[in-house]
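The first chain written gets the first letter, and so on, giving A, B, C and D; residue counts start at 1 in each chain.
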Amino acid sequence: MEERAFKHVVPMQIRFNDVDKFGHVNNTIYFQYYDTAKTEYIFDVCPDIDWTKVAIIVVHIEADFVAQIVGQARIACRTRVEKIGHKSFTLRQEVFDVDSGEVKCICHSVMLAFDLTTHSTMLLPEEWVESICRYEGVDLREKA
Amino acid sequence: MEERAFKHVVPMQIRFNDVDKFGHVNNTIYFQYYDTAKTEYIFDVCPDIDWTKVAIIVVHIEADFVAQIVGQARIACRTRVEKIGHKSFTLRQEVFDVDSGEVKCICHSVMLAFDLTTHSTMLLPEEWVESICRYEGVDLREKA
Amino acid sequence: MEERAFKHVVPMQIRFNDVDKFGHVNNTIYFQYYDTAKTEYIFDVCPDIDWTKVAIIVVHIEADFVAQIVGQARIACRTRVEKIGHKSFTLRQEVFDVDSGEVKCICHSVMLAFDLTTHSTMLLPEEWVESICRYEGVDLREKA
Amino acid sequence: MEERAFKHVVPMQIRFNDVDKFGHVNNTIYFQYYDTAKTEYIFDVCPDIDWTKVAIIVVHIEADFVAQIVGQARIACRTRVEKIGHKSFTLRQEVFDVDSGEVKCICHSVMLAFDLTTHSTMLLPEEWVESICRYEGVDLREKA
């Protein structure tokens, strides 16, 4: 599954104060990149979600920092869904250098659907699951 | 009026990534300090505001950066209201070094009361004005 | 001078966590936008500065918040130099909505050249002054 | 080992703009808390490191978000070293509510010693290992 291409890529704008005193993008900033790309992915792939009724919250994040990023680099973040469970789905995201292609950091996050009306977790709506599988071009549902 | 003491002082915790590649706290971070101290001031001095109905928004900010702050410094932010108009009030805030007493940055901000129900500006409730003047120990209303 | 067009415009990427609990971009984030656009301006207009020897530091910032920005807006920041003194220059920057053209926030900042070797302020190198005036298409030097 | 108490606890100051539009501390901000507490841990436990020669960089981060944090909460971050390898060590950190004791988020990070002179990874100096084990009160070296 690792070989599957990423269809969703968002260029990331590095801000002056993303860079810490070591002269590279601070590790905490990568999560702002992932968060921003993740939000765009959901908006692009599942545009019809009513955000006044449901939220998608992160319950687990795991990141491998492969190489540093300097302030003048041109970077982007690519995102794809890896697998879909009953109540959650897992994203794989990679921040990479646009010029060299070098992968800078790899992140997996587990996202949970949350019902804002009942304040509890909920089953992923079938409509979202279908939108994601259609977009990714593969059936990502976990087998029972 | 400049001589009046500040009654409201909040220690500020410097975060690792507040410091930019020049090795000092980035200028944009000072506004996070001011915002945080300002919020505490309002909560402390006007505790009965119903935040579901009104908001206090910033319309003007002016800051003088006097001296830099290094990551290991111990700093605090002091806040006082300078003057109160019909719909707005002006805050003076200073970030200073707790050990040396040195003032690092001085900020003035003009805050506006905003009615979330009608989505328009509103007169400052007399109750807030009185709470602020009582706390500051001086009548800060601008004369007509 | 207000009528002079801005030649330098940088699209700004809004991050998910730029938006605070009021649902709009937090006031402190605008200064990250200004900082980022300012850095690009200097790199574009004065590309030959040796940053190991000199720094450009902000000593005064003044911002007027005209209208709020929601998370889905498409915005940009335009920057121009307003005037050039002996040791400092003043920038005017505007964050605006790319689609409606509406100005969201206007900022003036006074920037100072700083000699990293002697740790003191310095005269603005004539080379920078000429680069800026050539780029802006007007002589911005303050008359004595 | 899970039962071992945390000796290192740092209160965390929540900033106004830590809270996102969902009204809780944004997930990316937790990593700023972890980074800040981690820096204090190293300064407290290994005070004699010469930071012009070595750096400690994060290569892996893993976080479980257990419960949300609202802006008015009083929180702290506790940190301990879990295990020490030849070139890296693993931290466990927990952000928790000071009043209720509730754990909000658990983080593990793998930190690597980096020689700034040779620009390569290095063995953890025996002096650091001893300082950490003495502070934690237990031998944390991984057995071969």
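Assume a residue touches a chain if its C-beta (ideal position, glycine included) is under 8 Å from a C-beta of that chain, and two chains touch if they have at least 3 such contacts.
Nothing here was measured: the structure is a model prediction, and the numbers come from that model.
**Q** Among the chains, which is located farthest from chain D on the basis of C-alpha centroids?
**A** C
**Q** When C-D is set beside A-D, which has more C-beta pairs in contact?
**A** Most contacts of the two pairs: A-D.
**Q** Could you grab the centroid distance between chain A and chain C? Build each centroid from C-alpha atoms only and quote it in angstrom.
**A** About 31 Å, centre to centre.
**Q** How many angstrom between the C-alpha centroids of chain D and chain C?
**A** It comes to 36 Å between the two C-alpha centres.
**Q** Would you mind pulling out the distance in Å between where the CA atoms of chain A average out and where those of chain D do?
**A** Chain centres of chain A and chain D, defined by C-alpha means, are spaced 24 Å apart.
**Q** Got the chain A residues that touch at least 2 other chains?
**A** 16-17, 22, 26, 28, 32, 35, in rising order.
**Q** Going by the contact rule set out above, which residues of chain C touch chain D in the complex?
**A** Listed in rising order, the residues of chain C that touch chain D are 16-17, 19-23, 26, 28-29, 71.
**Q** Note which residues of chain B are touching chain D in the complex, please.
**A** 11-13, 15-17, 32, 35-36, 38-39
**Q** Residues of chain D touching chain A in their complex?
**A** Chain D reaches chain A through residues 22, 26-28, 31-32, 35, 55, 57-65.
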